[in-house]
Every structure is written in structure tokens, then in C-alpha cells.
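Below are two complexes that have subunit A in common, paired first with subunit B and then with subunit C.
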Partner chain A sequence: MIPEIGHILLILTFVASILQVLFWCFNIKKSDDITINVLIKSTFINFVFILFSFGILVYSFIISDFSLVIVSDNSHTLKPLIYKISGTWGNHEGSLMLWILILSFFTFLVSRKKHQIPYKLLSSIIGIQTIILCLFLSFILFTSNPFERLNVLPIDGNGLNPLLQDPGLALHPPLLYFGYVGLSVSFSFAVGALITGEINKEWARQMRPWITIAWSALTIGIALGSWWAYYELGWGGWWFWDPVENASFMPWLIATALLHSVRILEVRFILINWTILLSILGFSFSLLGTFIVRSGLLTSVHAFASDPSRGLFILIILGIATGGPLILYATKTSLFKEDKSQFNIISKESALLINNLFLTTAAATVLIGTLYPLFLDAFNGNKISIGPAYYNATFAPIMAPVILLMAIAPFLSWGIKKPNKIAKKLIFLSVITFLGGLGLFMIDESSLFSIICGSLAIWLLTGVIVDLTFQIKATNLRLNSFKAIFLYFSKNNLGVHIAHMGVAVFLVGVTGEQFYKTEFNIKKNVGDIINVGNKSLIFDKVETLPGPNYKSETATFTLLKNKKIIDVLKPEKRFYPIEKSQTTEAAILSDFWGDTYLVLGDGNKETGWSIRVYFNPLISWIWGGAGFMALGGLVSILQSRKSRKKLKNAI
Partner chain B sequence: MNPKYRRLIIIVFITLTLGLATKLILMALEENIIYFFTPNEIKVKYGNKQDIQKKIRVGGLVLENSVIKKDGTTKFNITDRSHQIEVLFDGPLPDLFREGQGIVVEGMFQNNKLIASQVLAKHDENYMPPEVADALIKNGVWQGEKK
Partner chain C sequence: MKSKIIIFNILPLTLFALILAVSALVLYEVKKNPSNQNLINSQLIGKKIPTIKIEKIDFFQQKVKDQTLNIDKYKNNFFAVNFFASWCAPCRVEAPLIEELSKLIPVVGIAYKDKVKNTKVFLEDYGNPYDQIGLDDFGKIAIDWGVYGVPETFIVNTDGKIIYRHAGPLLYNVFKSEVLPLIRKK
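Let's look at the complex of A and B:
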């Protein structure tokens, strides 16, 4: 009975949202209090209904209601509670429920901005968001009903794919979807501007926090996915340029470009059309990502069983959501008049503009690499795959100038009003980078790319530090207390600096992992010692241990450095009897300078075990860097909120 | 600066970037494409496997009773139920590697054996790589749901 309520709630929301869209269409020109209040209230009702419906689904998973198809397919009574809950979105139907829940949540949040956003724009934003909601609700109701019942009640469920029973992956989809769906808000802002024909600096200012929050969530979501792949798959790598990874990375690149172009628009009131186009593309790429993951058209190392007919439906949604706005874009953009008075080649806006161009080009290379195999297959039936080598040859050289400019852009000022005094900073920056590069050359002169990559990291890191110190010096401020430092930073664009520093930290990690790692396979038995440099691993024992819903074969290694015991590593192989599958749990010892990563392969007492050993220098900096990027985003949102409040108080 | 001049600079810059990017992409595509074959296609196209000097991907099922593990090296046959190829791999196998499972092997031929650099099996035991599924359908041995 309870699941039926969930289903009925979904149907009601579907009907209500269609009525809401119709209401909006008939009142598109109106901007009175009554119209806007009807739209806001119905948005709230949609959100509450979907929340309840989703809650019912989660509840069905918690109580293991195996009369539901998706519960019996993806859950089991013996599964730990957290994975029963995360199992809700660990499957196709449930993940779509999460999608619409986040979508209606974002729509609800925007609708509360009645006092900041002009009524005409707000009603359009709600209208567009509700159309997207309608499309996805019909997708769920017609092709992927999560509340479908089984005729015969099974005794127990099939369990969740053991690889998904993991805390990193329990959080990965919600954050990723938060990012994907968050981009729908800027999409609706853009389409709203096209419909109302009105755009101004305030529009950009209202839109920017939404992009920032989506971007931050996307950053963390992607990083979590990469981290999960690193420790769970036991391949030692963190990024494989796999279609599914690219699917989330393309919207990220576009969102990064958008984040900067909307800032230019906010300050200088130029690049209106470009910003609108990016807003539309950002969400289109999110939908494309959903399509790639859900359709199963592309071979992916992370692929799960999927259904092509559902892919077609998403393709239709993608067509409507991209085609419609682009037609509107083509007909309406001539309406917008930019501020064309001043333009200086050496200014912040031109640096940001060039980076925008590079970022979108980079996104295009990823898109081509991802979709080219599909085209070739359709064109002449040749099946191909495109691996990391392609991306190293295209994506990396395009991103190098982005990093170069990223360090300099914060030095520059907007427009042409102030002369740019950047010579001193540039000299400082170049000298330090040169010395750093020289140092890298001394460590390993053979690899040119490691020197380039490492130097770029040093360049960016130094750029951030130089900019901050020069700013502090220029203000003659005595930053001797925590409060003074805090006040100082809250006045300046601290968020930008944190995020840029995140990119630098990330690059340091990439340099270490890509160019200085060691990996090898070895066959060893209990009692043997593996020596690598000043480190040695002693193979102590292998034992069979029981887990909550699996059996584990656990090996124990003692890690010594300079003959001193550092720690004990326990790589495992787990066997899940319910799912009848086995997973490898790598043992990872992480510290600031790098990871020791051990994988236990097949073997037995007679022949020994095959063991894979990795030393990955600086690899945790990769995810740390992503963390800093997201933190930078959050800080900049808080800053703009705070400055707005101050502005209000001042008035 | 006058708007016309500004627009010109922007257009020239965009053209240059896109031109450069296109050049890079085309070069990279030419060099880094890895072709996918089924064992049967290899037999038909290249009777002698030595003729394939490039890294390729081969998809199929792990032939039953063909897996031999010795000293960390795994030897097995990959089949599309009409032809089979011997594969050698000296790395840790993916967890879902087992006999009868659909997999994709990446590597180069040496002495008529495929020396694998990577063995890909998916995260999901019911999952079949689309290329492998197509090949099985072609040979009429597809047992899963109709595509």
C-alpha cells in the first residue's frame, strides 16, 4: 500500500506540473503578485510531493520491501543500513528519483528569491524548471517506474553490487547530481532572459551563486568518483578518460568557463550572448552526461547494465532542452546591447575571456574523444576506442596556457581605468618558477613533460601567494590578529585565491602521480620480503576472516622505511556469497608525501600470491586540490552574501 | 579601442585557437585510435596475426576451461564462439574475470599470442560490453535479452 502512495504522489506531481506549465504559458506576460504566488506555491507543493515519494522509496529499501522490483534487485536484508539507504540511488530508477528530487529542491530554492529576482524573470525561471521536471517525470512514469511491484514475492533480494557498497560511492551520485541539476538553474536564468528580453548586471549577480554552488558540488562529486575508482578498483589509477568520467568532466569545464564569463558580465557588462550560450550548454552537457551513463551506448570501464530504449528517451529530452533554447537564442540575442565603451587587451576581462575560449575548446576535445567512436561505428562499422594518449596529446596542451593565464589574471584589473602594475609581480613569479623548474630538471632531466607539468604547478602556486602578499603589503595593514586577517580576506576575493590554489595543489599531485610513480607485479609467499628503495615490505601472513555480508581473505604486510617499522598494510579479497561476486580491497597507506598501495592477487600457500605494489607520490594532493577548489567556491558564495548584507545595512 | 578592431582581434584569436585545437585533435586521433576486433574478424582480416603491428582491443568471452595461472601470468583463450585467440596477461585480473564472462583485452600480438596490457571486465556481472554483444549476436550465440 505504501509504495502505491509514492507512485500516486509522482502521478499527482506530474499532472500538477503540467498544469503549472500551462498556467505559466498563459500568463507569460504577466508579472503581478497573484501569478507569481501561484507559481511559487505550486513549486513548493511539487517539492514536498517528490520529497515524500522519495522518502517512501528510501523507506521501502530500509524495511527491505522485496515486493518492489528495484528493492529485490538491488537490496538484501543482510546489507548494512547505510548501504540499504544508498542502494536507493544505486540503480537506474532510484537515481532518476534523486535527480528529480534535487531538481525540485533547486526550483524551490530559487522560487524563494521573490524579493531579489524581478517577477517576470522569476516566473520564467520557474516555468522552465517545471518543464524540465515534467520531462523527467514522464521519463520516470513511462519507462522507469521505481514503484513497480513483483507478482511473486521473493524470500530475499539479489543484493547490491559489492563495488557500490562503499561510503565514497554512497555520496558520489548525490553530489554529482547536485552539480548536474544545479546547472539547470543557470540554464533557466539564461532562457528566462531570452524570454523576457531583459538582461543587466543584477541578472548576472543573481545567477552567479547558483553556478558556483553547482560547480563546487560537481567538483567534489567528480573527485569522490575518482577517489573511489582509485581505492576500490585496485588499478592504482585515479582517472582513465573513460566515457563515464568524461560525461561528468565536460559539464565541469563548461561550468568553470561560465563561472568566469558571468563574472565579466557582472562587472563589465560584456559577453552577454556568450554567457547565455554557456549557460545553455552547461545544462545540455549535464543531460548528455546522464544520457551517456544511462544509455550504455559507449563502452566504459565503469558501465553498469543499461537499457538503450531509456537512452532514446533521454536523447529526446536532450533534444528538446537544447534545441528549443538554441532556436530562441538564435532569434533573440540581437536584443541585448552590451557596454562597448572601453576595452583593453591587457585587462582582467581579456585574460578571463581567453581562458574561457581555451576551456570550451578543451571541453570540445573531450567531447570529440568521447563521441568519435560512436560516430565511426555508425559511419563505417569500425569499432574503436580512444584512450588516455589522445587526451594527453590534445587536452593537456590546451590546458597549459589556461594555467599560465590563471596565475596572472588576478594581478590584472578590470577595464582600462587603472594602469596595470604587474611587472614586479611577473618578475618575481618568473624567477621562482625558473628556479623550481631547474630543481625539477635536477631530479629527473629525462622527462620534459614532468618538468613542464611541475613548473606549471609551481607557477600557479607562486602566483597565488605573490598576489596575496603584494596585496597585503600594499594595504599597509598590520595583520597581527586572526580577526584582522579574517577581515582583510573577507574584503578581497579570497574564494578565487583558494580555488586557484586548489588547482595548483591538484597539479602538484598530478605531476607526482604521473611522472614519479613506481608500480610492479611480484609473486611472493608468506615470510618473503619485497625491497624497493629505502622501503621494504614483509609478507607476514594470509588469513580468512568473516565480514558482515562477505568472507575475506586478508594478507598482512609490515612496511619498513630505513629499517624502521612504519605501519601494517592489509590488502583483502572479499567474496560476497549473496551477490556471488568478489572484490579486491587494496591496502592504502596514505600520507602527505604519497601512498603505498598494495593489491592482493590470486594465490595459495603452495605457490605464493601475486601481489601488485604501487608507490604513488603526492597522489592525495589530487583530491586535496579538488577539495580546495570546492572550498573556494563556497567561500566566494559566503563572501558575496556577506557583502550584499553589508550593502543593505549601509543603505 | 574601436569595436570593429576589437571584434577583429577576437575573431582572429578564436580562429587561431580552434585551428590549433583541430590540428591537435586530428593528429591525436590518427595516432591514438585503438581498433576493436572480435577473434573471428582477426581471422578473416588478418590470417597471420603478426601483420597487426598496432595495439588493438579484442572482445569476447573467456573460454571455459582455458584459464591457466602460473607464476603470476595468466593464460586464457578469448572466443566469439567461432574462433579463439590465446591471451597472455601478467597483471592482476579484474574481480569479475571468470570463465564465460564477456571481457575486452587490450594488447599487441607476439608469436600469434595476444600479449595483454589490460584486461577489462565490468563492474556488473550481468553487463556485456556492447561490442562483445554485437559479435555474439552476429555469430548467433547471444543468450541474453534481445537487443
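Let's look at the complex of A and C:
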């Protein structure tokens, strides 16, 4: 009975949202209190209904209601509670439910900004968001109903793919979706501007926090996925250039470009068309990503839910959601008049614009790499696959100038104002980078790429530090108390600096991981000692241990450094009897300078076990960098909220 | 000047329409010939196997031997061809099932876009169920076989024709309901 309530709630929301869209279409020119209030209220109702419906689905998973197809296919009574809950979105139908839940949540949040956003724009935003909601609701109701019942009640479920039973992966889809769907808000802002024909600096200011939050969530979501691949798959890598990874990376690149172009628009009131186009593309790439993953056109690591008939539906959604706005874009953008006066070539906006072009080109490169095999297949039946070699050759050279400019852009000023002490900063920056590069050359002169990559990291890191110190010097502030430091930073673009530092930290990690890692495989038995440099590993024992829904073969190693015990590492092999599959659980000892990564292979007491050891220097910096980027985004949202409050008080 | 602006305005739409049209075409191709189990078709079913001219890996010597896979030895016998890779997560999931399969019929493993070193590690960790293994380092053989991604498994009958193809990890229920009956029939 309860699942039927969930289903009915979905149908009701579908009907209500269609009515809401019709209401909006008929009142598109109106911007009175009543119209806007009707739209806001119905948005709230949609959100509550979907929330309840989603809650019912989660509840069905928690109580293991195997009369539902998705529960019996993806869950099992013996599964730990957290994975029963995360199992809700670990499948096609459930993940779509999560998608619309987040979509209606975002729509609800925007609709609460009644006092900041002009009514005309707000009603358009709500209208567009609701159209997207309608499209996805029909997708769920007609092709992937999560509340479908089974005729015969099974005794127990099939279980969830053991690889997916993991805390990192429980959080990965919600964050990724938060990012994907979050981009729908800026999309609606852009389409809203095209419909109302009005755009101004305030529009950009209102839109920016939404992009930032989506971008931050996307950053963390992608990083979590990569982290999971690193520790769960047990082969030491962190990025595959897999089509599905690309699907999440393209919106990220576009969102990064958008984040910067909207700032230019906010300050200088130029690049209106470009910003609108990026807003539309950002969400389109999210939809395209969904299409690629769900349609079964590309099979990959993630192809757990693919079906061509669903693919067609998503293609239609993509066609409507992107085609419509692009038609509007083609016909209406010439209406917008930009502030074309005083464009200075050495200015912040030109640096940001160049980076924008590079980022978009990078996204296009990834898009080509992802879709080209498909297109070739369609035209002449040739099947090819594009791997890291392509991306190393195309993507990396495009990103290098981005990093170069990233360090300099914060030095420059907006417009025609003379930049402050730029020559001094540049000389300082170049000297330090040169010394750093020289240092890298001394360590390892064989690899040119490691020196370039490392130097770029040093360049960016120094750039951030130099800019901050010069800023502090220039203001002549006494930063002797925590409060003073806090106050100072809350006035400046600290968010930008944190995010840029994140990129630098990320690059340091990439350099360490790509160029300085060591790995080896050996066969050892209990009691053996493995020596590497000043570290040694003692193979203590192997035991068979029971887990909640698996059996585990656990080895114990003691790690010594300079003959002192540092830690005990316990790599595992888990066998899941229900799913009839096994996973490797690598033992990873992470610290600031790198990871010791240990994998237990096949073996027995007679022959010994095969063991794989990796030393990955600085690898945790990769995810730490992503963390800093997201943190930077959050800080800049808080800062813009604060400054808005101040502005309000001043008025 | 005016016309230039208009070109820029309709350019995104044109590009998008192009991508959409091609995607629809690809989707149509996939939909037109759905195979019964995986909705990904294989034009190869019922046809002779494509040639496998790749070097055999000998893992005991840790290097690629100057010798190609010997497929003729399965003449008049059933055998399976399994594309796998050490970097592929679902391949780990299906490893126990390939082990089961190898108890029934010989399985030829083709390491797809992999390095000898990594393949060796993979086989040490998950066991080596393969009768012989070839290294398809540039994915050329996979193209001949129409492989969409790893893992993929083909079953070849006594006439040297492909009778079954499964894209994605061979899971227990697929193995029981689809693969076993085929093998039993022989």
C-alpha cells in the first residue's frame, strides 16, 4: 500500500507541474503578486510531494520491501543499513528520483528569493525549472517507474553490486547530482533573461552564488568518484578518461568558465551573450552526461543501467531543453546591448576571457574524445576507442596556459585602472618558479613533463601567496589578531585565492603521482620482510574473518620506517556470497607526503600470496586540492552574502 | 557586421542540432537490432569468428612471446572468448564466473588495452582461468569483434560460429539462465 502512495504522489506532482507550466505560459507577461505567489506555492507543493515520494522509496529499501522490483534487484536483508539507504540511488530508477528531488529542491530555494529577484524573471525561472521537472517526471512515470511491483514475492533480494557498497560511493551520486541539477538554476536564469529580454548587472550578481554552489558540489562529487576508484579498484590510478567520468568533467569545465564570465558580466557588463550561452551549455552538458550514461551507447566502468529506449527519451528531453533555449538564443540575443566602452587588453576581464576560451576549448576536446567513436560508428561502422593518449596530447597543452594566466589574473585590475605593482609581482613570481623548476630538474632531470607540471604548480601556488602578501602589505593592516585577519579576508576575494590554491595543490599531487610513484609485485609468505628504501613491511599473518554480508581474507603487515613501527596495514579480499563476487580492499596508509598502498592478491599457505605495493607520493594532494577548490567556492558564496547584507544595511 | 553577429547566434544551435541528429541516428542503429539479452546487438552472432592474430603472453616469462594465439586447436569444440582488462572494475566482479565457465569450456582471454605487467597482477589477484591469453594493446582485435567495452564474453560453437555474446560483466543469473543452457545443448 505504501509504495502506491509514493506512486500516486508522483502522478499528482506530474499533473500539478503541467498545470503550473500552463498557468505560467498564459501569464508569461504578467508580474503581479498573485501570479508570482501561485507559482511559488505550487513549487513548494511539488517539492513536498516529491520529498514524500522519495522518502517512501527510501523507507521501502530500509524495511526491505521485496515486492518492489528495484528493492529486490538492488537490496538484500543482510546489507548494512547505510547501504540499504544508499542503494536507493544506486540504480537507474532511484537515481532519477534523487535527480527530481534535487531539482524540485533547487526550484524551491530559488522561489524563496522573491524579494531579490524581479518578479518577471522569477516567474520565468520557476516556469523553466518546472518544465524540466515535467520532462523528468514523465521520463520516470513512463519508462522507469521506481514503484513497480513484482508478481511473485522473492524470499530475498539480489543484493547491491559489492563495488558500490562503500561510503565514498554512497555520497558520490548525490553530490554529483547536486552539481548537475544545480546548473539548471543558472540555465533557467539565462533562459529567463532571454524570455524577459532584460539583463543587468544585478542579474549576474543574483545568478553567481547558484553557479558557485553547483560548481562546488560537482567538484567534490567528481573527486569522491575518483577517490573511490583509487582505493576500491586496487590498481592505484585515479582518473581513467572514461566516457562517464568525462560526462561529469565537461559540465565542470563549462561551469568553471561560466563562474568567471558571470563575474566579468557583473563587474563590467560585457560578454552577455557568451555568459548566456555558457549557462545554457552547462546544463546541456549535464543532460548529455545523463544521456551518455543511461542510454547504453557507451559501456564503461559505470554502465550499470543502460537501455536504448530510455536513451531515446533522454535524447528527446535533451532536444527540448537545449534546442528551445538555443532557438531563443539565436533570435533574441541581438537585443542585448553591452557596455563596449573602455576595453583594455591588460585587464582582469581580458585574462578571464582568454581563460574562458581555453576552458571551453578543453570541454570541446573532451566532448570530441567522448562522442567521436560513436559518430564514426554511425557513419561507417568503424569502431574505435579513445584513450588517455588522446587526452594527454590535447587536453594538457590547453590547460597549461590556463594555469599560467590563473596566477596572473588576480594581479590585474578591472577595466582601465592601472594594475598595482604588477611588474614587481611578476618578477618575484618568475624567479621563484625558475628556482623551483631548477630544483625539480636536480631531483630528476629525465622527465621534461614532470618539470613542466611541477613548475606550473609552483607558479600558481606562488602567485596566490604573492598576491595575498602584497594585498596585506598594501592595506598596511596589522594582522595581529585572529579577528583582524578574519575581517581583512572577509573583505577580499579570499574564496578565489582558496580555490586557485586548490588547483595548485591538485597539480602538486598530479606531479607526484604521475612522475614519482613506485610500484612492484612480489610473491611472499607469512614471516617474510619486504624492504624498500628506508621502509620495510613485515608480513605477519593471513586470517579469514566474517563480515556483515561477506567473508574476508585479511592479511596483516607491519610497516616500519627507519626500524621504527609506524602502523599496521590490513589489506583484504572480500567475497560476497549473495552477489557471488569478490572485491579487493587495499590497505592504504595516507599521510601528507604520500600513500603506502598495499593489495593482497591470490595465494595460499604453501605458495605464499602475491602482494602489490605502491608508493604514491603526494597523491592525497589531488583530492585535498579538489577540497580546497570547493571550499573556495563556499567561502565566496558566504562573502557575497555578507556583502549583500552590508549593502542592504547601507541602503 | 550585422550578418556576422547572426552567424554567431545560430552557430550553437546548428552544432547542437548536428550532435542531436547523429546521436539519434546512433540510437536508432542500436535500437534497430536489439539482441535478446543485453540490448546491444552483435552483428557477429551466427557468423564465423573474426581472426585473432595477436601475440600470446606467457606470464611465467613475463614477456610477450613471439607466437600468436592458437585458435585452431578448438576446432570442433565449444570455446569462449573473454575480453578483459586489469583496469576494469566489472572484470573483477565477473572473475569468479569466468573461473566457473573455464571449468566447462576453454576460455581465451584477451587483455584489452592493457600492459603485460598489470595483466599479470590482475591474474595473480583474481586467478587465471584462461586457456591462453592474447594482448590487444591497441584495441584492434576488440574493434574486429565489435566490443563496446570490457568485459565482454563470446561463445563460439563447434562450427567456429559465434552463438552468444554478452556485453558487461557475466553475472551469476546471466550465467545460469543464458550461458549454461547454451553449453549444455552442445
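As a working rule, the second predicted complex is superposed on the first by the 647 of 651 C-alpha atoms of A that agree within 3 Å, B and C clash if a C-alpha of one lies under 4 Å from a C-alpha of the other, contacts with A are read in each partner's own complex, and residues count from 1 in each chain.
By our rule, contacts are C-beta pairs under 8 Å (C-beta built on N, C-alpha and C of every residue); 3 or more make two chains touch, one makes a residue touch a chain.
The structure displayed is predicted, hence computed values, not measured ones.
**Student:** So if we stack both complexes on subunit A, do subunit B and subunit C clash, or do they fit?
**Tutor:** clash
**Student:** What is the contact status of A:584 with respect to subunit B (first) and subunit C (second): first, second, both, or neither?
**Tutor:** both
**Student:** I'd like to know which partner A:358 touches here: subunit B for first, subunit C for second, both or neither.
**Tutor:** In the superposition, A:358 touches subunit B alone.
**Student:** If we overlay the two complexes on their shared chain A, which of subunit B and subunit C does A:521 touch? Say first, second, both or neither.
**Tutor:** Both partners, subunit B and subunit C.
**Student:** Of the two partner chains, subunit B (first) and subunit C (second), which one does A:552 touch, if any: first, second, both, or neither?
**Tutor:** After superposition on chain A, A:552 lies in contact with neither partner.
**Student:** Now for A:601: first (subunit B), second (subunit C), both, or neither, which partner does it touch?
**Tutor:** both
**Student:** Pick one for A:610: touches subunit B only (first), subunit C only (second), both, or neither.
**Tutor:** both
**Student:** In the superposed arrangement, which partner chain does A:387 touch: subunit B (first), subunit C (second), both, or neither?
**Tutor:** In the superposition, A:387 touches subunit B and subunit C alike.
**Student:** Is A:447 in contact with subunit B, with subunit C, with both, or with neither (first, second, both, neither)?
**Tutor:** The answer is neither, since A:447 touches no partner chain.
**Student:** Between subunit B and subunit C, whom does A:368 touch in the aligned arrangement: first, second, both, or neither?
**Tutor:** First partner only, subunit B.
**Student:** Both subunit B and subunit C contact which residues of subunit A?
**Tutor:** 161, 163, 234, 296-299, 301, 303, 308, 382-385, 387, 521, 523, 579-584, 599, 601-602, 610, 612
**Student:** Any idea which subunit C residues touch subunit A in the complex?
**Tutor:** 5-6, 8-10, 12-13, 16-17, 19-20, 22-27, 29-31, 34, 39-40, 86-90, 92-97, 113, 117-118, 120-121, 124-127, 139, 142-143, 146-149, 167-168, 171-173
**Student:** Report the residues of subunit B in contact with subunit A in the complex, numbered from low to high.
**Tutor:** Interface residues on subunit B, with respect to subunit A: 1, 3, 6, 9-10, 13-14, 17-18, 21, 24-25, 27-29, 31-37, 57, 69, 71-72, 90-93, 95-96, 104, 120, 122-127, 129-131, 147.
**Student:** Help me check something: in the complex, which residues belonging to subunit A touch subunit B?
**Tutor:** 161, 163-164, 234, 296-299, 301-305, 308, 340, 342-345, 353-354, 357-358, 361, 364-365, 368-369, 372, 382-387, 389-390, 393-394, 397-398, 521-523, 579-584, 599, 601-602, 607, 610, 612
**Student:** Quick one: in the complex, what on subunit A touches subunit C?
**Tutor:** Its residues touching subunit C are 158, 161-163, 229, 232-235, 237, 240, 273, 277, 280-281, 284, 291, 295-301, 303, 306-309, 311-312, 315, 318-319, 322-323, 326-327, 329-331, 333-334, 371, 374-375, 377-378, 382-385, 387, 521, 523, 573, 579-584, 599-602, 610, 612.
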